[in-house]
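Each structure below is given as structure tokens.
You will see two complexes here that share chain A, one where it goes with chain B and one where it goes with chain C.
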Partner chain A sequence: MKRVQFEHSAVPYLFVAPQILIISIFFLWPAAQAVYQSFLLEDAFGMSSQFVWFRNFEDVLSSSSWMRSAIFTVVFSVSVSVLSIAISLFLAVRADEVVRGAKTYKTLLMWGYAIAPPVAGLLGNMLFNPLMGDLYMALNSFGFEFNHIENPNDAAFIVILIAVWKQVSVNFIFFLSGLQGIPKSIQEAATLDCKSAERRFWTITFPLLAPTTFFLLVINLTYAFFETFGIIDVSTKGAPGGSTATLVYKVYVDGFLGADLGGSSAQSVLLMIMVSVLTVFQFRFIERKVHY
Partner chain B sequence: MFRKTLMAAAAVFALGSTAQAATEITWWHAMDGALGDVVDQITADFNASQDEYHLVAVNKGGYEDTMTAGIAAFRAKNQPNIIQIFDAGAATIINAKGAVKPVQDLLEANDVQFDINDYIPGVRYFYADSDGKMIGMPFNSSTPLLYYNKEALEKAGVDVPKTWQEFEAAAPKLKEAGYTALSQSHSPWIFFENFMSRHNLQMATANNGYDSTDAKILYNNDALKDHWQHVKDWKDAGYYGYYGRAWGANQDAFVQQKVAMWIGSSGSFGGLRKSAQFDFGASTLPYWKGVGEAPKSTFIGGAALFAFAGHSAEQDAGVAEFFKFLTKPETQYYWHKETGYVPITNAAYELAKEDGYYKESPDAEVGIQQLSEEGGEWTKGYRLGFYVQIREVIYREVDKMMNGEETIDAAFATIEEEANGLLKRFHDTYSN
Partner chain C sequence: MATVTLNQVEKTYLNGYKAIHGIDLKIQDGEFTVLVGPSGCGKSTLLRMIAGLESISDGEIAIDDRVVNKVAPADRDIAMVFQNYALYPHMSNYNNMAYGLRNRGHSKAEIDAKVREAARILQLDDHLERKPRQLSGGQRQRVAMGRAIVRQPKVFLFDEPLSNLDAKLRVDMRLEIKNLQQRLGISSVYVTHDQVEAMTLADRLIVMNGGVAEQIGTPIDIYEKPETLFVAGFIGSPAMNFLPGKVSDDRTHVVVGDKVKLDLDHVVEAGRSVTVGIRPEHFRLCEDGHGPVSASVRMVESLGAETLVYLDFGIGNENVTLRIQGTHQFAKGTVLTLSITPDKIHLFDDETGKRI
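Take a look at the complex of A and B:
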């Protein structure tokens, strides 16, 4: 009996094996390495190392720049996710209503998706260059006294702006297909029942888009946490005064530029824990409100 | 002419190379753009000069990228023969015992004539150990220089300032003429490290870090704080342009004639010649008269070439052969002329003089003159661990001083505390 069952269940394992293998090689193994490294003080070239328990974590957590970076990361990630979801939802709803030239309109909105984060950063950098940037000049000619070289809020504004702009098109694609997935019959029935388009949106369309929105929230937070690294490296490099350095950017500066393997591994592990907690929170508490 | 000969020689070599089994040696470097072209030219010339070894030069990005690539390759036991490591990263590679072969040992083992006194004073001991043995071969060596817009200074009726006192007198006149007086492109290198050297002030305990990794930073001193108080005052008065931490942004302000004077690297000379649409000159780094023992020579900046351990004797012989070629006066003179980096040997400097190079472009000599100025106890350089991060701390705190988020005193207290924390970490990592 048992034998038969084993043979029977081997097939699905075989099918998931490639996926498991890929995850093991590209995630589990490096993650385990990072955890191991985070307990070591080792010279960059690997000539000597010593086990130091939680020394690296103590050093990281007691540094004021790490705390500043952690706070900025939270503010940054929430702003980027909320803004890019809101803007793209608005755009998708409007684009869905467009009849003439709809294709062109949609294609143009999706274009941003093809731009790599460092390129987006470079574009932002040029637009806000104090000597020749058009947006910099424009903002200042309106009397904003905009100065991202010195003002941390202005610098944060720039990186958030670039990150949101870059992400809007991705969200737009998902929302648009989500909207197109809502059956026409439901919409027509709703139109008969309720005159207010706004009310129809919040009571019918938005709840039906909830699975898409939840999915995008997870994706966008991950994006803001990890993938915006290129934007920051090219635009502000964390300046002024480390106010726009996200945690991932700090891992890069300490580990890749500074060759402090233990310290940056400890930072990665902390980041891994933070993201795991966040993901569990999302699936436990927010997903409950989502109806598929 | 020299270039043409090189190219012809390279072509001949390319034809002949298929027939021979030359020993291949690899060199990872951080020189891109126009500098990379010069490196390729030198590589081709070396390959053409002999047929025993074939050198392959690969650009690995910027300084940090190159160091990271070298570290990763070494850990994977796949390291190149030669790697270019910049000043701030020197402690990381030199303190990793056994990662590199000291260049002096390598040359002597391969019967290449070596005398440390052949090198100009400023570069002699920067990449040496505490006993004075040369570990890394100085390669692209630069020093901070003051570049000035001749027309701007003329309009304001001021001379090129030699001291900061003279600068303070000239700045209001330049402002009146419509210019911000000054910007500079690298706060840690120019206004911290070289400030210490120029005034002959000790930068760190343990002999500026050469004697031991157990060192403490000495930046939190009155002379340096006073200087930064002045910089802040200049900025508030409109005499100093702060365009952030990016090298290019501060240089652009000079190129676009918004600022009248700019402190950059002697290696910036070639690039400025192409980008600046006006007549400019170069002068020595200003100093505070009466502070320390100024003026003393500045530190050498730039990078050095290190020979990784773990290669066959045959390949090491090739590395020695290349270093011998690289330090030849002709090669150094060519490098100096094309890039603006200083020649690293006395013989190369003499050759440039004899050739009349400085008669036709006198500004090209300022860098090497500054490095040849009288040295003091603390002008030899520094060897501090995690110095890349210490520079990050400095960049960060300079931002805060400039935007008024922190007072000068508070910023320097933070720099001292965080730098010492990093030095302690480095010491604990490398001392056993």
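Take a look at the complex of A and C:
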């Protein structure tokens, strides 16, 4: 099919120029720098550097601490995404059914959205403080022997808990609007066709929410990968022993605290590749199945 | 095959608004009942109460002899067709029809037989594997009908099923629905605001207004003997003409305006103020110029088979509509002489709006 073409002039390019400039300066250039840096080995004081080809990548991939961080990142991201999607879906479905005081209920559930990740991390930090944390005390008084300072699983539990809590309100908003987008008459037709509310949910409501769920899955995985940095930095700082450091957090620790710019850049390049692959995979294989 | 009985049914919403003010009704086995009325009259609410989509504030609804007030919609053995079809967009048309049967535990073979039979009746054979969005409006409405008939319910409920269709398709689907209902013999309740649909489909018509059933009867009864001013104005198109009048002292005439005197066929209290209702099609044109009414032409609308003439009766600014067969041309201002047979004159009490 031939499309209508109009005379070109330079003006449109002028209009998009600022946007291109911003993207170039703040995204493309740093990304190129990271790729370039990942091939360099720098001395501790930053006085000299040497081009080492893929040595940084070899070092990273063969390091057990990176592997451990990668595994933790996968476990963390999947747990955060699945849990926050499941919890917010449940809350949205229930909130959608509320008749009296629905607005208050919904507003309260959305409030968490306004909290910045570091603040959420700080809240978690205080709640699990061994000296004064209420949740810490509560868990231990139930006999859990909870100790996130020493036990990696307990520490992972805390970061996952905070990250999920922070994300639930975002997902809740999307699910609620998704639910409200389902025509009421379809729900009503379903009540006439199917007595069991649970079955109705899985055969009608959930499939109709599938596009929303897919979108949230992409958003949540990205969130768990990148935006949980603030939460981790304020709550566990990757402790104990780097067991709660996600790949992004490790890039920061190795690069800015450990001054290994080359290794850190190599890690971020790997991260970039992983996320691209993941995104392509999601769109190629999952998206096709969720749209009706 | 069932009767539906409504006994003093009322609906009050949470905010205190009373939508239905006590309705009594018995729908006979196999009867096609149409609820008609202006928007906001409570007709859809009443239908949704029978379906179980709205709670019943007071009174009782029974299907056959079972009171269904507290019965879940899926257990009432009813099927409903919605205005916007309400098909499940993620399912094929086949699955749309099969869904209700599957949830009721029918065997696969049985479901397949029923769906294919319904598809054959509704001429949807070629579209079963497609999804609703790939169909036209009329076809979607057929799928919605199919979803209702595969279940062979006791009662069909229709909530303005044709109002999303274009005019021609609406007429076709109207006939199809009537045909199907007669063939299957399933008691049906049909809600519409379109009085042509109401008149053509109904075995029994219920005219609703403000949450009250103003009149219940066969379409022809309602057309010929509207019990209230509202019903008289609502049923019939173009609408009935209303003129202020006064019964003469000898009680055999009603006087409209200053000079028009119309014969009555029944005796009414002398001097009483009434509203006189005359349907546009009940005027007779007196070609010889001798008749009780003369009025001048304001406007003419030719529809081909019939002509609508808007007349100035000299009473206020209101047009009086006259409907005559065939094509006629009248210049503006032409004075026409008309007569009406007394049994076609409707009188309504000025205060209560009730028929006299």
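The definition used in the following text is that the second predicted complex is superposed on the first by the 261 of 292 C-alpha atoms of A that agree within 3 Å, B and C clash if a C-alpha of one lies under 4 Å from a C-alpha of the other, contacts with A are read in each partner's own complex, and residues count from 1 in each chain.
Here is the rule we use: a residue touches a chain if its C-beta (ideal position, glycine included) is under 8 Å from a C-beta of that chain, and two chains touch if they have at least 3 such contacts.
Worth saying up front: this structure is predicted, and the values here are computed from it rather than measured.
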Message = Do chain B and chain C fit side by side on chain A in the superposed arrangement, or is it a clash?
response = fit
Query = Touch check for A:Asn151: first (chain B), second (chain C), both, or neither?
reply = first
Query = First (chain B), second (chain C), both or neither: which does A:Glu227 touch?
reply = neither
Key: Dominant contact partner of chain A by residue count, chain C or chain B   = B
Request  = Check the residue A:Glu287 against both partner chains and state whether it touches chain B (first), chain C (second), both, or neither.
outcome  = neither
Task = Check the residue A:Met47 against both partner chains and state whether it touches chain B (first), chain C (second), both, or neither.
result = first
Task = Measure off the angle at the C-alpha centre of chain A toward the C-alpha centres of chain B and chain C in the combined model, and quote it in steps of 10°.
result = 150
Task = Quick one: classify A:Leu208 as touching chain B (first), chain C (second), both or neither.
result = second
Ask   = Just chain B (first), just chain C (second), both, or neither: which does A:Asp96 touch?
value = neither
Ask   = By how many Å are the closest C-alpha atoms of chain B and chain C apart after the superposition?
value = 52
Remark   = The residues of chain A that touch chain C in their complex are 99, 183, 185-186, 188-196, 199, 203-204, 207-208, 210, 292
Key: Interfacial residue positions of chain B with respect to chain A in the complex   = 64, 67-68, 71, 74-75, 89, 92-93, 95-99, 242-246, 249, 252-253, 256, 258, 386, 388-389, 392-393, 395-397, 399-400, 402-403, 405, 418, 421, 425, 428-430, 432
Message = Which residues of chain C touch chain A once you look at their complex with the stated criterion?
response = 14, 51-53, 72-75, 78-80, 82-84, 86-90, 99-100, 103, 131, 147
Task = Under the touch definition given earlier, write down the residues of chain A that touch chain B in their complex.
result = 41-48, 50, 52, 59, 63, 65, 129-131, 149-152, 237-242, 253-254, 256-260, 262-263
